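Labels run A, B, C and D following the written order; every chain starts at residue 1.
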Amino acid sequence: MSASRTPRRIDGMARAPTSALGDRLDAIRAATVQLAAPLSAEDCALQSMPDASPVKWHLAHTTWFFETFVLERFIRDYRHFDPRYRVLFNSYYNAVGDRHPRPDRGLLSRPALDEVHAYRRHVEGHLAPLVAQADDDAELASLLELGLQHEQQHQELILTDLKHLLSRNPLQPAYMERWPLTPVKPRASRWIGFTGGMVTVGHHGAGFCFDNEQPRHQVVLSPFELASYPVTHGDFLAFIDDGGYTRPDLWLSLGLDIVQAQRWTAPMYWERRDGRWTTFTLRGRVEIDPATPMTHVSYFEADAFARWAGARLPTEFEWEAGAADCAIDGNFRDSGALHPLATRMDPPQGNPSQIFGDVWEWTGSSYAPYPGFAAAPGAVGEYNGKFMCNQYVLRGGSCATPRSHIRATYRNFFPPEARWQFSGVRLARDPR
Amino acid sequence: MSASRTPRRIDGMARAPTSALGDRLDAIRAATVQLAAPLSAEDCALQSMPDASPVKWHLAHTTWFFETFVLERFIRDYRHFDPRYRVLFNSYYNAVGDRHPRPDRGLLSRPALDEVHAYRRHVEGHLAPLVAQADDDAELASLLELGLQHEQQHQELILTDLKHLLSRNPLQPAYMERWPLTPVKPRASRWIGFTGGMVTVGHHGAGFCFDNEQPRHQVVLSPFELASYPVTHGDFLAFIDDGGYTRPDLWLSLGLDIVQAQRWTAPMYWERRDGRWTTFTLRGRVEIDPATPMTHVSYFEADAFARWAGARLPTEFEWEAGAADCAIDGNFRDSGALHPLATRMDPPQGNPSQIFGDVWEWTGSSYAPYPGFAAAPGAVGEYNGKFMCNQYVLRGGSCATPRSHIRATYRNFFPPEARWQFSGVRLARDPR
Amino acid sequence: MSASRTPRRIDGMARAPTSALGDRLDAIRAATVQLAAPLSAEDCALQSMPDASPVKWHLAHTTWFFETFVLERFIRDYRHFDPRYRVLFNSYYNAVGDRHPRPDRGLLSRPALDEVHAYRRHVEGHLAPLVAQADDDAELASLLELGLQHEQQHQELILTDLKHLLSRNPLQPAYMERWPLTPVKPRASRWIGFTGGMVTVGHHGAGFCFDNEQPRHQVVLSPFELASYPVTHGDFLAFIDDGGYTRPDLWLSLGLDIVQAQRWTAPMYWERRDGRWTTFTLRGRVEIDPATPMTHVSYFEADAFARWAGARLPTEFEWEAGAADCAIDGNFRDSGALHPLATRMDPPQGNPSQIFGDVWEWTGSSYAPYPGFAAAPGAVGEYNGKFMCNQYVLRGGSCATPRSHIRATYRNFFPPEARWQFSGVRLARDPR
Amino acid sequence: MSASRTPRRIDGMARAPTSALGDRLDAIRAATVQLAAPLSAEDCALQSMPDASPVKWHLAHTTWFFETFVLERFIRDYRHFDPRYRVLFNSYYNAVGDRHPRPDRGLLSRPALDEVHAYRRHVEGHLAPLVAQADDDAELASLLELGLQHEQQHQELILTDLKHLLSRNPLQPAYMERWPLTPVKPRASRWIGFTGGMVTVGHHGAGFCFDNEQPRHQVVLSPFELASYPVTHGDFLAFIDDGGYTRPDLWLSLGLDIVQAQRWTAPMYWERRDGRWTTFTLRGRVEIDPATPMTHVSYFEADAFARWAGARLPTEFEWEAGAADCAIDGNFRDSGALHPLATRMDPPQGNPSQIFGDVWEWTGSSYAPYPGFAAAPGAVGEYNGKFMCNQYVLRGGSCATPRSHIRATYRNFFPPEARWQFSGVRLARDPR
């Protein structure tokens, strides 16, 4: 989710009635503010790396999005809250005009956090009357929906970017208090077989989707197997203990380069203290819990782990086929854990477990357009297509994703070296 | 071809009789020496960038390959020409042991070129008696064949790496004398339709192939169209003249970053002199000939050009389906031109023209394993699999490829920013 | 002033009576807080480049200095405000132990600004009773004095680092409101002759000095001349208009490298808007005023300007001899201008004008130890000596320096490429 | 000697009679060719780092110098050997015009070594008749002399640059065969006192000097002491064994940065093999000989060693005063050792030993102009002045310097991190 997404606008798509849209607008916008509520203005202003943005920037950019793509278009003579924000909070839309450089987002002590909140209220005040018109205006409805989906994506980034920032502080401050977790007995993973054949992938139906989930189309799959559970911290410890980071035969060539250049010896946020592995969480630094799903690994580490385990990563279509019958249920942001959790449930009969929530699962598929894909004209078309190079697809959502945001056809994507998202691994293999 | 390739060893594969193998060994080894013949020891020793290797290194490494994978294994108590070469001329085989760093290949004034030629003869002297045994030893035969295919790949790299080196010299020296070329009238490209459906891709049959061309498997293709000719220098000039390099909407995001960071305003080797565009060739600097196929573009430029033209790049499977009925005929290294040529022939009825030879054609496909792909065990397994990340597939061979080396299922691959190969563009599109 | 300084501790040095020390402690500590008063917590937390530190860090580090070098030593069983600050706010004292990396000072949203203010008060509460003992304890008195001088240096850095941060914000916020300045007629500079000969340089007398100002010693000077006024913005505009930045013959070789690599075409903070040159100040962006002393130039630019003007930079000893009879008077921080000002006064008879205040004046002298210089033992010895390499000496103080902090023997120093200090130029030359 | 030098042209300077000049021209030019004689064309073409140049480049550049500054000026309608060489072999003279970038000197396989030798002969053929005119033309004589001095400087660089290249080859080839050296008993160094006072430094008299050795002028020196011998390899081993590279208190701040960034644990070319320290020499890799003068240390290492030893580096004027009465005698290139040698001689009564030859001795003096220094007009003026920033002065010549090239006032200079020259250390201290 290094990027915002745009929905495929379908004129005839079934829409929630206006009142529902208004309610969701209120709820989603409020949820964003709620995420920032425990934070100081200082917490919200800092940027810890070029890939991550300050919380304040997310608060402003999600507002800029509505202002630029909705208010500018649907309100005659709309007066900007501050015309300079048009450049300042543009993320990457060349067609909108200039933008403030991404690595410099942490140089903005002004506008102050308070002003950004005022900006949010200003834009919300202008959005409210438009919601009533959306019943009769498919394009307006579509752009409002897009704004909400976009905002949900940035809610997840608020959490992952903030986590990175806090982790860089030697004081290791926590975003929220420690949770009293009771340990869970690890469960052995087993292989679940799928027959493959001709399957249909991509979004269909009335609900919202991004343009990169379409066109729906057919692919041929060989028979394959998926692990019943995602890889756990305990599994990954075994890989480390077996010298996983020092065995060239396990790694993609580019992965080995980065392991050696960056001296990776463990996943992101891991640190060995007093002989025990710990990891940094939004609830502070904690000891590794072997039963919880593994997270904060790059594609390279996911791939190397799979090779070590005698398996491989699933393709995104194997994953989608495997998830087709699974309920969208699991450990999402809504649970408040903000960290992957060990499961207490038996897997549903014949279906993979924990396939939604907990951790995004790296697939072996390069992020590419579906056959017949066409980006929308104008700035909206910049959301997805232009990122389809040197990125890999992740599926299933994480403990930082709002439950209402995810579906089986949802395609997240990140460069193979990215580790600061809640990214994890589910193994696949060819039948023996 | 940033990498060597290993063949899929198939025990029962039909092999040429030994005498033929011996003849090919002699011929291919001699061809390598022949390529270096016009060059001085100085020409052969220099390295112009980390991606390119000195000619002397290629001469030695192709020999190292036979020594390490054939002589060490099949000759009892084999005595190395120089045991230190085992490290010095290892390219990237971790399982063989240490290796000399790639960017430092240009620091080796010793061994002298003469010694490397002596090394070649030493190894050839030991190979000759083994050829006779290959009839009865499938593994030996397979490794000898692999060595030959590997050497042919490096023959192409000798030419492209040398071209880069000569281009960096302000004296702009030519490798060979200028050819008297008569101009050819450009031909308009047209669209050739393909029905798609379920098609089978990947290598089959008795001949040699690399492991990345297998397993043969089925894919589903939507109907598509291919351009009858590759994009020409004239086509690309129109793109430049239309501001192609300065329009963000045409570029992948990563491509735009590199265009701006490297200040690209034209393909590699192009230079504007006295108001006219010229390009550097192995026969010196020449003026652009609009009728010749375009070359020395990155994947990013190929993709941006296609978008500008209202088209797209073909997938590698569309390309393979489109080439299935084409004869392997064209402007290969064997022609001696060492530069793409304008065609004088009418395209064969219903088939794409110039699909083999002239220029490698970028496809929109990320380089990935075929379903069921498994790398061979040991060092040989490092040839292909470990490079399957952040690279894109090119098809069809070029004016620097030996004709006997190419086939419709052959998968070349380079990172999307690479430009020093003879890489070009064939357009595809969805039917209107 | 990239570094803190330590005083040369002289046992018998005349000290102000305790009450005066206590008053100065209160006044200087309060002045630091006063500087930050107009700023938000966000303003105080950000770091705009590795060379510059957040205001909050300055507030904490100056306090750390008293805690580490005074409280830890003179209070038995002293309890730290927070023991983790010992590492967090150490700037570069290896002998004290680990330290937080300088480029990461902008990653600290915690401790909050409020906590840092509490830290300041905590340490001040412990310092107050110690002041009474300082009459009878020369070492204690010396370290308290050092802490005050150190804090004054950081007061200047607060202003220059903040200026850099605000300048990077596209909103171009001002630290203080615009001043109504009335224009001043520029005065022509003239040359003032000095006879040179054997002169004595370095600090003497009872007042405080840093160790780098001693031992006082003799040097031989040839006759020389100094300009009566510092170089003005108008002078520098003439240099630019004459192609100064594009003429290699004017530049030191390293300077030319940086001009070309960084594409310098004007001093720091200058920007051409609507055909007119502007500069950024702590009072916002303003148009260039030709009569004001030039500032924000590197040593390289100062040197190139001097060569262009047919002159040179003075050595630090020429400067010191030239300033010997000048009153310490001028546009210091105390004036509140926070920007160099054009003078309205006639120069004093036979003395250089504006030699103190307005802008630090680059000298041609590499920062080196005086003969017999010896750093103090322990951490205190790290203040000056270890920076005596590849830096150049500046003299005279600036509009951001407290008037009570400067003297004729004071040696400031920065690398030759530094531009974010209030650094300017006074010309010298050999008599004609 | 990162740079060529220009002499201060003194019209009335006493010159050797023409015949002597002609003989020296022949001898010095022949010596350059002789240095390259044991090398292959490949050896001469490679460049191992941006700071070092290929031997072929040195052969050409020293010729370019005569062509550009003598032939172009004194021969009417002079026809260049190849006009393109004017750019190709210009080192850094902006006033001459464009130049080939320094880091790209290793990209020139053409012109071939043979052609460069032909270039040398061509220019020498034109120089010969001019020598006869030099008796009557002071400027011509001066420029010819400059060309010879310049060529001698590049002779030293040929050896140091070649040494670096060979050292980077894993085969560790030797330039010349091993010398049978008999071990020498180390001699204890002792301190030699000097009274200081007013001394006169800089060149005087009839012989040649570079412009940076003038004007001769007076300086005041405090009493000081110099070590009777340079620091030896044995001395430096004791520093390493005492943890010298890991003790921050011993290092300049910039030095510590580079030690940590580059992971320096020993001087350049040192390598620990089988538990013993070895170093690379022009006669191959050898074990450390404790009695020989230390070499291949940076200014930072020289300074840290001195601090560890309770001493300091001499200033360049202390060095010059200390060397004033020493004969120019020692281990120069003329000895053929090409490596510092342990001395067998007792030091001359009251004078430092081995002060000339063996190793250049770092001084604590930043490279700066002498009072009244003025660069010559035109390109010739670019030789010295523009490098007077962030470099430190070395004195005394080395085992790679021609004996006839050195004198007590000679100022060599390199950046403080440079290690590939034969740079060493002589300690100084204040009297106790």
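Keep in mind that, in the parts below, contacts are C-beta pairs under 8 Å (C-beta built on N, C-alpha and C of every residue); 3 or more make two chains touch, one makes a residue touch a chain.
Everything quoted here is computed from the prediction, not taken from an experiment.
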*asked:* Spelling it out: a chain qualifies if it touches chain A and also touches chain C; which chains qualify?
replied: none
_Between chain A and chain D, centroid-to-centroid distance (C-alpha), Å_ = 60
*asked:* Just the number, please: Cα centre separation of chain B and chain D in whole Å.
replied: 47
*asked:* Taking the mean of the C-alpha atoms as each chain's centre, how many Å separate chain A from chain B?
replied: 38
*Tell me, which pairs of chains are in touch?*
A-B, A-C, B-D, C-D
_Per the contact definition, I'd like the list of chain A residues that touch chain B in the complex._
92, 94-95, 198, 217-222, 248-249, 251-256, 299-300, 303, 364-366, 368-369, 371-372, 382, 386-390, 416, 430
*In the complex of these two chains, what residues of chain C are touching chain A?*
40-46, 48, 56, 84, 87-88, 100, 104, 106-113, 165-166, 168-171, 173
